[in-house]
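Listed next: structures, encoded as structure tokens.
Look at the two complexes coming up: subunit A is in both, with subunit B in one and subunit C in the other.
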Partner chain A sequence: MTTTTVPSAFAPSARMLVVLRNALLPILLVAEVIFFTVAAPGFLSAANLANVVINSADLALLAAGVTLVVLLAGIDVSVGPMLGVVAWVGATLFVAGTPPPLVVVIALLLGGALGAVNGALVVGGRISPIITTLGTAAIFKTVLFILWDSTDVFAGPVVPALGPARAGGLPLVGLVVLAVFGVLAYVLRHRVFGRRLFAIGNDAEGARLLGVPVGRTAFAAYVLVGVLVGLAALIYVGRVGVVQATAGNELTLPAIAAVVVGGTSILGGEGGVLRTLGGLAFIALLQNGVVLMGVPPLWNGVLVGAAVALAVAFDVLTRRTLDKRIGARK
Partner chain B sequence: MRPILSVSGLCKSFGATTALTDVAFTLGAGERLAVLGENGAGKSTLIKIIAGVYPPDRGEMTLDGAPHRPSSPGAALAGGVSVVYQEPSFFPRLSVLENLYVGREPRDRAGQVDWRRMHGRGEELFRRLDVPVELLSRRMDALSLAEQQLALIARAVDVEAKVLILDEPTSILTDAEVRRLFLIVQRLSDAGVGVLYITHRFEELEHVADRFIVLKDGRLAGDLPASAADHDRILEMMSGRPVNAAISRSAARPGPVMLETSGLTVPGAVSDVDLTVRGGEVVGLYGLVGAGRTELALTVFGVLRPTSGTMRVDGRPHTPRGPRDAMAAGIAYLPEDRKTLGIFPGMDTLSNITAVKLPELLGRLGVIRRAEERKLATTWIDRLRIKASTPAFPVTGLSGGHQQKTLFARQLATEPKILILDEPTRGIDVATKTDIQQRLVEVAREGTAVLAVSSDLPELLAVSDRVYVMREGRVAAELSGDDLTEDAVLRATMGVNP
Partner chain C sequence: MTTGALPRRPLRDRVSDRRVFLAVLVVALGALMSLLSPYFLEVGNLLAMTQYGAVIGLLALGVSLVILGGRGGIDLSVGSALSLSGIVMGLLAQNLGLSPWLAALVTVAFGALLGSVNGFMVARLGLPPLIVTLSTLFLYGALAQVLTDGGQLGGFNREGFAALGQSAILGVPAQVLLVLAPAFAVAIWAQNRTAFGRRLHQIGTSDRAAALVGIDVNQLRFRLYCLSGALAALGAVVTNAWLLTARPSAGLGMELQAITIAVLGGIHIFGGRGHLSGVLLALAVVVVLSWGLQLAQVGNSVQTGILGLVLVGAALLNNLLSRRAPG
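Right after this comes the complex of A and B.
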């Protein structure tokens, strides 16, 4: 038997496209840092960067969760409102004198339960993830509004590590975030569950035929998103200090932005949480930098929206080019 | 021979449709058993039951002496049933190595994915099959078509299978790869693996089968040793009536040149192609997958842009900016993959036939003239003998062969000057296939210029007046008359001088 070598006219350009996809974010990040260092005095100071970390820690955990479901070609646009509900419950229990460790456990369980609702609808009900989570997002918003009942809940950090505390100048939540991302990166690379997410995101039916429990894995991913939202909700309480009627709503879009800007494909099957960390850094530094430059915070929405649109357009266009080659074989 | 898989009394229905009735057979260890049958005969259902995709309604299966009742495809795989499906799925954005081990990643004692062991096993496998080891770390979507194909075969073979099921594996393989596959099948059967081989191609029987069974309407219609593989007899068993497989082809009286390309070049796909098709003749286009045949067709149809070269249609310069321009010039194109590129699955047969013709069926105020639309569809349903009880029959309720006829009708309804068909009969049962081939020749004889792209060489030889063989984007040979032989086509395909 001899080795077949069929000339692959497309392969080099496809490889270059993959390289470009991987290199784009680091280049943008460096350019961003240089730009703001020059344009915004104080941007590159330790104090400012610590602030950025504290202000985006809850967002980071939401983005980590969204990454998991985007990898399996799903999405969760309910993470912001879900965070609001858990934040209200957590803050209310804490203020009522519930022991902090118990508050943490309840927040994680509640988040997981809300995530399970999404998972059950997507997997069991076979409803598309975007519709499911748009629906549950609306429900979570209403639930929070009813719970809130015209009374803001004021609360401090449930435990110090989930607040703005620093140890030797390093923000403690930053360490929490790094630990979570570290664990998730390990799971995605070295645990079977993680590899299954990728396989399902590439071809769910194909994965099923090879013995991958597609439904169970997807359900678990949505539950995991909820658990991460639960933790993020307590960080939110520690950061903001108050839970209002629309708590968390503003976080959904930047969380998805961090995922897609990071380079996890919105079409599934490719990416990872460390990329999301890069995407998050880009979004968080962007929001911080323009404020330091004196641009009204109102413009944040425009910048984040534009970043999402550009990142998704780039993703879809390059993927289409790559997929065209695959389509050619059939 | 020790039986490795036996099934008995297998029954399966989907709603009102009976797919399998009392199917029973035994596969011996090391035996190669071919499963034949028309589309809809129950072959796919049979495989999927053995592979754990569906549970049977009734019946027993025994695998290597133990009852075989897989609760899922994963369970069947773990029990030793490995399947290569007709349209094999792979994971384009994962590495080749991961593609090999999805669903069965080696793990260490801590339950972690053992990447080092995975890599070691992948390397050993590729060495054994003579596939370049450096492919393992590349992403699947960065491979050439042939390399992807090799990786998929390797994946199926690597499972320590007791039974290997191949569902029409050759329908997307090129001849060289088919020979490699046969060799691998031979080795596995020598090693005691039972091979179940689903095929539509008679010429493969002697290479891959010791015995064959024939399914008809979900029942076992025959069980014979391969030595008794008389083609006419098998056809009779499959269809239940005598079939004259040969199509009648009167001598072509070629008319004026309808399509002409000169120096046509599309980067990475087509280089410097000169080709002519006359009215009244069928011109075949043969080549390995990736040789540029489909790309050439798509260029004529305005989907791909040439960077140099010219095209003429009916004597006039042809520079389409898209398929609409090509259609306006009188070109019809029947795409390669009917599922994704042709059939409108949510619609009925009638609408599928008239879809392209609608602009001509508009009355005042742009309202579709339903009566005329219906008449047009009915005409074509009758002429092509499409098995739709009414024009409103849902197109997805038709068998693959009749779906293809529906698409064929859609293109013919536009009365094209040039008809381009890409793999017109792939994956279609023999009787329907012959029917379509016959119609194709008739259409040409009525004056249409027909360009048929096909990987099915006997088909191409049966229908074509002339054949162009493409190789690596170029025309390697133009053959007609007495020069048009299987041997000559294959030599040109492989780049061997006559």
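Right after this comes the complex of A and C.
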């Protein structure tokens, strides 16, 4: 409203802005790797990088899920506590001797069901996504607390591919993550469901007028988030080896941070899972490098919070300039 | 918005007013609790109940103002702002040896500063409030931890400062009588009787229309976030006077309570609609509810989930009511 008009001589051209927007994350990633290679001994070793992959695989799937609803101009702040509930159920079933394939199926179904709760409240109840998921996050936390009942559940990886196992130095779980991101990237780009997500995120009313089933698509997106959380929960069990009362709570912000830092617009309609993978790599390497440098882990929240604020500022400011340049209105 | 000038409102309108519903709910809950537990209505319990309510009431007031200001306004950082302000006050009082009263003043100003960071990013840069305050939620919370290395601070039990949090005047806790009640009284008066209140509803309803009648939309919205930060810091001052220690996790999860109270109080999440007097009643409901659960030995972890249910239920209720009402 009161944005000052920049003298045109100093204003970057629209094309330059687009290039800058797309190139920023790769540049930052390279700069980050160079910085930590110099500052933190052992950072660029194969063993350390494999560790980073294993330690951030569950987070990657959460971030992929959050990307889907952010594309819709929604949000899901319940993914962390939701993961905790599914992790408890999965670990408990596994310890009780349930066949591993069945555990996987149940975890995916349970995740999908919990996601459907969010979807039903957002679409059917017409509650804003933030209020819905803030509420269900609290409910999921309590559900886990009641299930946990003062007893930690210790369990190993349900199947080897969902644990820290490596094949020839390559972490298997990394391949699972890549496969999921590959499928999602394909669906978002080439399938009707994916294109509808973008259409709704850009202009829900316009999409509805064009015949896009807005409610059904949004509901499906929230269910899909739950399914991804279900898979992530089993990876979490394989990585941590124990499910405690607050399992998963710490993962919500980094998941949203990966989406935002990756450059998926929080206003919806622009972005994708591959960008999220880049954002996730940036955050995972940042947390790892900082620990290797000997900075106390208490600083993690400060760094991630600052990264999110800067990324959003950059995204919204360049987007607005671009919109003004090309005469688009949003 | 204000219907004070009209002589009569239809009975159905008055019954479906959120505040009537909340008032009935408070009484019903209170009656139920006192039946379930003979200790519920004891004077000591009523005291402790409202002492706890004073802090989250201040946060809920700040969040309500921000939501009323519209354009997706929300402040998720209030809990962390409370934690960080409390720690800053501890550093001033304990490490610098400042008088707790003076430290409290500085702390409220510091809280406004924390709010102004949100306000700057939201109102001046036009960034989405949800993400801005989510990132400051983690930023402020983590800073509070970093500043104390995870430990706690004290130095508040001097110069009669504890009286603010631990004494009662005519049976009413000092922080309720001297802080919470005046804050809500001023806010309710301002909402209904001043130009500020009218402007608040105008920017909450339509940015464009408000700008066209000459309101500096961005400045007003910036101030709302500052106000929310200052109220959170005031909550920290009250907490420090009450518990006499400042912990970096003091405000953890309080944003959920604050937003629940705002939504339950009938503040419409898209801005421009709702009464702060309704928020005060919702505060009473939540305080009675959590105190009753406490007496029934339902732990904090379970209360969190019940609060989540209340939040979702209240939001559903808001939608049902607003669907029926015109506009």
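Everything below uses one rule, namely that the second predicted complex is superposed on the first by the 308 of 330 C-alpha atoms of A that agree within 3 Å, B and C clash if a C-alpha of one lies under 4 Å from a C-alpha of the other, contacts with A are read in each partner's own complex, and residues count from 1 in each chain.
Keep this in mind: contacts are C-beta pairs under 8 Å (C-beta built on N, C-alpha and C of every residue); 3 or more make two chains touch, one makes a residue touch a chain.
If you're wondering where the values come from, they're calculated on a predicted model, not measured in any experiment.
Asks: Could you look at A:212 and tell me whether it touches subunit B, subunit C, both or neither (first, second, both, neither)?
Replies: After superposition on chain A, A:212 lies in contact with subunit B alone.
Asks: Go through the superposed model and pick first if A:139 touches only subunit B, second if only subunit C, both, or neither.
Replies: second
Asks: One more residue to check, A:198. First (subunit B), second (subunit C), both or neither?
Replies: Once the two structures are laid over each other on A, A:198 reaches subunit B alone.
Asks: Return first, second, both or neither, reflecting whether A:75 touches subunit B, subunit C, both chains, or no partner chain.
Replies: second
Asks: Thinking of the overlay built on chain A, is A:125 touched by subunit B (first), by subunit C (second), by both, or by neither?
Replies: A:125 sits against subunit C, while subunit B stays out of touch.
Asks: In the overlay, answer first, second, both or neither for which of subunit B and subunit C A:170 touches.
Replies: neither
Asks: Going by the contact rule set out at the top, does A:320 touch subunit B (first), subunit C (second), both, or neither?
Replies: So A:320 only meets subunit C here.
Asks: Which residues of subunit A are in contact with subunit B in one complex and with subunit C in the other?
Replies: On subunit A, the residues that contact subunit B in one structure and subunit C in the other are 1-3.
Asks: Using the touch definition up top, name the residues of subunit A that touch subunit B in the complex.
Replies: 1-11, 14-15, 18, 189-192, 194-195, 198-199, 201-203, 205-213, 265, 269-270, 322-323, 325-326, 328-330
Asks: Give the list of subunit A residues in touch with subunit C in this complex.
Replies: Result: residues 1-3, 75, 77, 121, 125-128, 130-132, 134-139, 141-143, 145-146, 245, 253, 256-257, 260, 266-267, 296, 298-302, 304-306, 308-309, 312-313, 316-317, 320 of subunit A touch subunit C.
Asks: Quick check on the complex: what are the subunit B residues that touch subunit A?
Replies: Residues 51, 53, 72-75, 77-78, 83, 85, 87, 89-94, 98, 102-105, 107, 111-113, 115, 129-132, 139, 141-150, 172, 176-177, 180, 183, 267-269, 288-290, 294-295, 336-337, 340, 472-473 of subunit B touch subunit A in their complex.
Asks: In the complex formed with subunit A, which residues of subunit C make contact?
Replies: 74, 121, 125-128, 130-132, 134-139, 141-143, 145-146, 149-150, 207, 211, 217-218, 256, 259-260, 263, 269-270, 301-302, 304-309, 311-312, 315-316, 319
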